[in-house]
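Structure provided below as structure tokens; questions to follow.
Each chain gets a letter, A, B, C, D and E, in the order it is written, and its residues are counted from 1.
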Amino acid sequence: MMSVEDVHTYYGPSHVLHGIDLLLEKGDVISVMGRNGAGKTTLMRTIMGLTPARQGTVGFDGRDITRLKPHDIFRLGIRLVPQGRNVFPKLTVEENLRLALVAQKSADPRSELEKAYDRFPILGQRRQQKVKGLSGGERQMLAIARGLLGKTRILLMDEPSEGLAPLIIRELHDTILEIKTEDITIFLAEQNVKMALSVCDRHYILEKGEIRFTGTTEEMSANKDIMIQTLGVSA
Amino acid sequence: MTVLNGLTMGMVLVLVAGGLSIIFGMLDVLNFAHGSLYMLGGYLGYTLSIATGSFWLALLLAPVGVAMVGFFIEFFTLRPLYGRPPLHHLLLTFGISLIAQNAVKFIWGNDIYSVETPESLTGIVEFLGIAYPTYRLFILLFSIGIAILMWLLITKTRYGIVVRAGTEDIETLEAHGIDTRKVFTGVFILGSALAAIAGAAVAPMRTVYPQMGIDIIIDAFVVVIIGGLGSIRGTVIGALILGQAIQMGAVFLTGFADAAIYIVMAGILLFKPSGLVAESN
Amino acid sequence: MSAFYRKILLLATLLVLVLFPFGAPGLYSGYYVDLFTKIMIFGIVLLGFDILAGYTGLVSLGHAMFFGLGGYSSAFIIIHLSSNLFVCLIVALLATLVVGLVVGYFSTQTKDIFFVFLTLAFAQFLYLTAFNLTTVTGGDNGLSLPQVTLGIPGLWETLIPRPSGFYYLVLVFLVLSFLYCRRVIKSPFGRVLVGIRENEERVSFLGYNVRLLKIKAFMISAFFAAIAGVLFATYQEFVSPEMLHWSISGDFILMSVLGGMGTLIGPVVGGVILLWGGDVLSSLTENWMIFIGGFFVLMIILAPKGVVGTISDLLNTEKRK
Amino acid sequence: MEEKQGVSRRSFLKNAGVIGGAVALGGITNSFLGGSPAYAAASSGPIKIGVVLPFSRAYKVIGDRVFAGLELALQQAGGQFKGRKFEIIKEDSEIKPNVALTKTKKLVERDKVDFIVGPVSSAAAAAMRNYIHQKKVPMIIPTAGNALITGKLFSPYLFRASISHWIFAHPMGYWVHDNLGKEAYVAGANYAAGQQQVWAFTMSFRGKGGKIKGAVYPPLNEKDYAPYLTKIADSGAKIYFGWFAGNDAVNFCRQADQFGLKKKMKMATTGWFFERNNLAAQKAAAEGWYCCFNWAITLDNPVNKEFVKQYNKFTKNDASLSASVSSVHGYDAGQMILKGLEGTNGDTNSDKIVKALEGLKLDSPRGSIELDAQHEMIQPMYVGKIVKSGNAYEADIFAELGRWTTPLLGANNTYSVGEPFIVK
Amino acid sequence: MLLQVNDITKSFSQLRVLTDLSFEVKKGELKAIIGPNGAGKTTLFNTITGRYAPDSGTILFQGKDVTGLKPHNLSRMGIARSFQINNFFSNLTTRENIHLAFQSVLKGSTSIWRNIRKEDSLEERSTEIMEWIGLLEQRDELAMNLSYGDQRKLEIGLALGTNPSLLFLDEPTSGMSRFESGAMIKLIEALSERVTIVLIEHDIELVMKVSDSILVINYGEKIAEGTPAEIEKNDEVQRVYLGGL
């Protein structure tokens, strides 16, 4: 469904991704782990077209989308839940959600919004509130809800658990598991190893812009050394 | 009466500076040529009101024409410059304003034109013991009307959501399926049309002359600056304050009236270095 | 371009400038001596302005304030006290010290576009004062001045012959200004200024009082503008509020950007292009401003680093190949 | 003296045999000495007239008309004087004093002009004055109304072909007092010109016992006069006198009408306020104003009728050049050049020209005019009322106020004309 | 006691980032601050080094109250810091970067009258620093063109330049490869011989190895403090740091 082949990405002169290869099949739930600065966010941005790859290709449904603009990539059904719960603080909850429907003319806004509120009742309660007043967890919910509006085929989630309280992380975990049942491909960037291991089926470990390891949850758990080495944790 | 005068001037400034503020908020461009677009609005309004014989038709059509000019400016000169330092935009648009001012002279010459006040709005109305020119009252209500329309557009429609989101984070907007280039162009066109509406509407009250753009642009910038860049609420507050300041300056600062706006601006920036409604990040 | 060639080029330019008046009126009209005097006076402002705008990154839209302050101080001195140039200079610098400290102190509280407009507000205030205080300043009609003298007040004084005498006087000031500005940017102080432009916050974490340094840079550039103002007023024998108007401040910015900010010599080159080019164009066509406007637009789009910046970039890439 | 020294130095150098550099060095020593490069009159070749007028920005409307008038006068003389063609060199002064000065230097030094015609702005005239005086080039001023030009700033080489603010406003003070009423509110654009007009008016109006109820000085280029109009309307005065120029005049006139001022008081002003291109925009708002003129298109004398006819023919009825008082001033400037040359029999030596022009009498479209000792024009003044004529509005001249010039005022010929007139 | 932080609290609008946090740093020790992302570590640094003023609480440095002082004052007193995200002068060369840092402790650091090129001590000391951090060969390279690892070194070099007695390092190894991290650790260990260091670090292994004492925070509150051995045994720390579920 989506393939990333030999992708090199730069920020100005600094070379961040050094030849990344990835494969996502329909319905996959895949994580990419790595420390700060390993290149997780850059990978997400490269797929989304925000920081296009200078070399290599990103393919989607057999189509080369490497050079497409982000808004075109969005229209293909690829959704980014950005790092740091990047929602618009001065807009209300509902406005944040409607924003994602502007470009999806086919979707029926009302029913889509209702679906989102059903999934996250707390957002329904706060629909007219400015996002500024929302807690970190609520913002994360909003960002995810926004990513799921309309025809979502791949959901890219960039460190959703970052800075969240354990209870909220638990909720988040459940939410992702729920999405998993809806035939949406999930690509999750995480530092929270437990979270990544418990929701994803397959994992990539990114270090210094290169993929150091790839494998299933079992293979991963069996290979603690690699986790200690690259993630600095002893899970 | 004095308050009313200040209010009218303030609302006219809302019209002029509103577009400037939206353009800055979204595009990060300080558009010096905004004054030129205001001027073009005045000239087109003049020509169209003579050609069509109807002021109202001119008021409707002039913004359309200027919007087209706005499109050309955005598409051919600003596009290559997004992401550059604000100074570059300022200088670019300054260059454009020089061209525009001279181009106007080619077409309309250097004479001063006055647009006839529409028949129905001539004369003076009296209310609450105040005698006020009808057209001024119309301008006051008209600007409030346009401001409310803008407010509705910005707060209630999906385009408004896009624009407001754009003033916060362009990239996230782009990642949600919105072609921000088109939005930029759209916003610039809208801002141009607003400037033209102001120019055309004010023409019967003030005159149409080649310097009218330069004469208004500093005031408009001051409004946007003291309001806090890119904040529409701030622009309205800034314009109303400035309107009253000009009025007060005329009454109290005999022989020094034109200093009023600078005193107000310096005063505000000294206490609020980022304008009245500053973005707090 | 190596330092050696740069030095040769500078010396050659200097030589041309020194010899220039000898060509008039044989080779060309004495008018050009006059024009170049004027351009060199602007050059002095632009050198100082580059320290503030180019090196420190603080773009002021109020610099005409000090240009005019220099002009008006010398006008008052010449009319009421002494026609000696040095007296004018001293008084102008004192006036600039006072005004510069106040304006610099408050303006540096703000940043970016707010700095631009706060300096504008101060400058316009001064402009309107000069414009409206008709009894003192002559209002928009300005003040005509008697000729300025050179020498020691009370002992020996002489009129400065024109145009060539004044030309050389200004040339000396220009060369001294250039040398001093180069010294400034190569000094520890100058280095920190560049640091402030690049990353203000880190500079403060390195133990520098950024605010104080900004005020200092502001003052230095103000002094240059004031000196140029004195020369301009005494040369033209006339001051008017025009000297204080924001469009003059705008011209400084335009010239700097056009020539290349942060290169010291660039803004001066920009000044030459605009003043000379404007002079030639305005004699050729009434619609010369269209060409100037078009030129800005093209330059900003195609060569945002200005003439000098772009040329040195080209030379550098040439060398790398 | 200086000139002599320069000449002797030059010959010394030649004797020393430094022939190669003689021309250049001669120039430089000469300029070093600050002397004027001797204005030796070339007796052949064209007669050069340097024009420093605003051909861009706001005052272009005036600059163009002055220029058309000047060209007309020279063309009527066949474009030449005794076989020597007139060559006109135009420079744009942009209304910036220092630009005007630079352009003047260019004309004098590079183009070696015999006359300067210009400028429009008084500030530019003041800026040019010292240089003109040093270089001894006859300069004929076709607009700038600053009274000081023929007073404190007097130079034998400066001539005013136009009129001062004083001459416009002072007679009007008497007339308004005698014919309109005794209590007036005054207004003027807040710059030297506006202040001088108000001041000159006040001197005569008060001198006759009139009372000034108040004064406002709106800034130059004011967009909205509402605060001032409110103040004027609320003052209860029955007469308004005030003066603005250009857009300001159009704006003020129209806005005053919108505020209904004309219904409350009698409105009076002077000439340039109703310059004809202004009138074209002021239209009905101007109807009923009283104005002191030195010329109007309706002025009934044969010279004027002929002038208007010829001028319209010359400009091919181009609306952007329509006959105005500026055209007349330009035309008279041209006539002065011709008269001057007649007086010297074609010699362009500046001192001779100055002598020839002194006491000059001219049949101008504004009536017969005459230069006084301060090089100010003594001219007849008229009062008119703006009335509708056909589709346009014109001045209906109904009274002549006699002949006027600018007096020397105050001690040492310095008077504080600039002082904003604040009513106690 | 070199540094005493007493009960500092810091909020941004409604969000409370630090809550009544207290700790001390002894002269000569290397103290590490750890905690998950978003725990408030960097805010703590920012508050101590003068970027923000705390809402309440006091900070004492060498017994003097330095609460709310500006960064440049603190720097002059001997407090320096590096940043988690590179925060140097990208358009200047390595050497110029270091110059700028070291220059600040020279006499006449902002003089107009000296020629920077003629300051021998500046060149000497800068060379020494560049050698120390291993950037001597890249001295004439623009900072933005350095490799990421070298940029991290430069980040520390800048902080070192001001001759601090207390050095705050914010994730010096962030984004570095294992190999590069190793070199960085050696550098930090060597540094700790000379200067007191407070370190924010993700890499627990690294932290255990180099630090004398460790402070663990989460949600802006202190949850543990002690020697590496003590911290390793602390269950709460294990749970928090590895991401709970």
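Observations
Just so it is clear, a contact is a pair of C-beta atoms (placed from the backbone, for glycine too) under 8 Å apart; a residue touches a chain by one contact, two chains touch by 3 or more.
The shown structure was predicted, so the numbers you read here are calculated from the model rather than taken from an experiment.
Least step count on the touch graph, subunit A to subunit C: 2.
Steps from subunit B to subunit C, taking the shortest chain of touch contacts, total 1.
Pairwise, the chains sharing the most contacting C-beta pairs are C-D. Most remote from subunit B, judged by the distance between CA-atom centroids, is E. Mean C-alpha positions place subunit A and subunit E at a centre distance of 32 Å. Centre-to-centre separation of subunit B and subunit D, using mean CA positions: 37 Å.
Centre-to-centre spacing of subunit B and subunit E amounts to 49 Å, using the average Cα coordinate of each chain. Taking the mean of the C-alpha atoms as each chain's centre, subunit A and subunit D sit 75 Å apart. Residues of subunit C in contact with two or more other chains: 132, 287, 289.
Multi-chain contact residues of subunit B (touching two or more other chains): 102, 105, 255, 258.
Here the chains touching each other pair up as A-B, A-E, B-C, B-D, C-D, C-E. If you check the complex, the residues on subunit B that touch subunit C are 30, 77, 80-81, 84, 86-88, 91-92, 94-99, 101-103, 105-106, 218, 221-222, 225, 229, 255-256, 258-259, 262-263, 265-266, 269-270, 273-275. On subunit D, the positions that touch subunit B within their shared complex are 56-58, 60-61, 64, 190, 216-224, 226-228, 230-231, 246-247, 250-251, 254-255, 258-260, 277-278, 280-283, 285, 319-320, 420, 422.
Interface residues of subunit A facing subunit E in the complex, by the touch rule stated above, are 12-14, 35-38, 132-133, 136, 159, 161-166, 169-170, 173, 191-195, 198, 207-208, 228-230, 232-235. Against subunit B, the residues of subunit A that register as touching in their complex are 48, 50, 69-71, 74-75, 80, 82, 86-91, 95-96, 98-104, 146.
On the side of subunit D, the complex with subunit C involves touching residues 21, 23-25, 27-28, 31-34, 37, 55-56, 60, 91-92, 94, 96-98, 101-103, 105-106, 108-111, 122-123, 126-127, 129-131, 146, 148, 153, 190-192, 195, 220, 416, 418-420.
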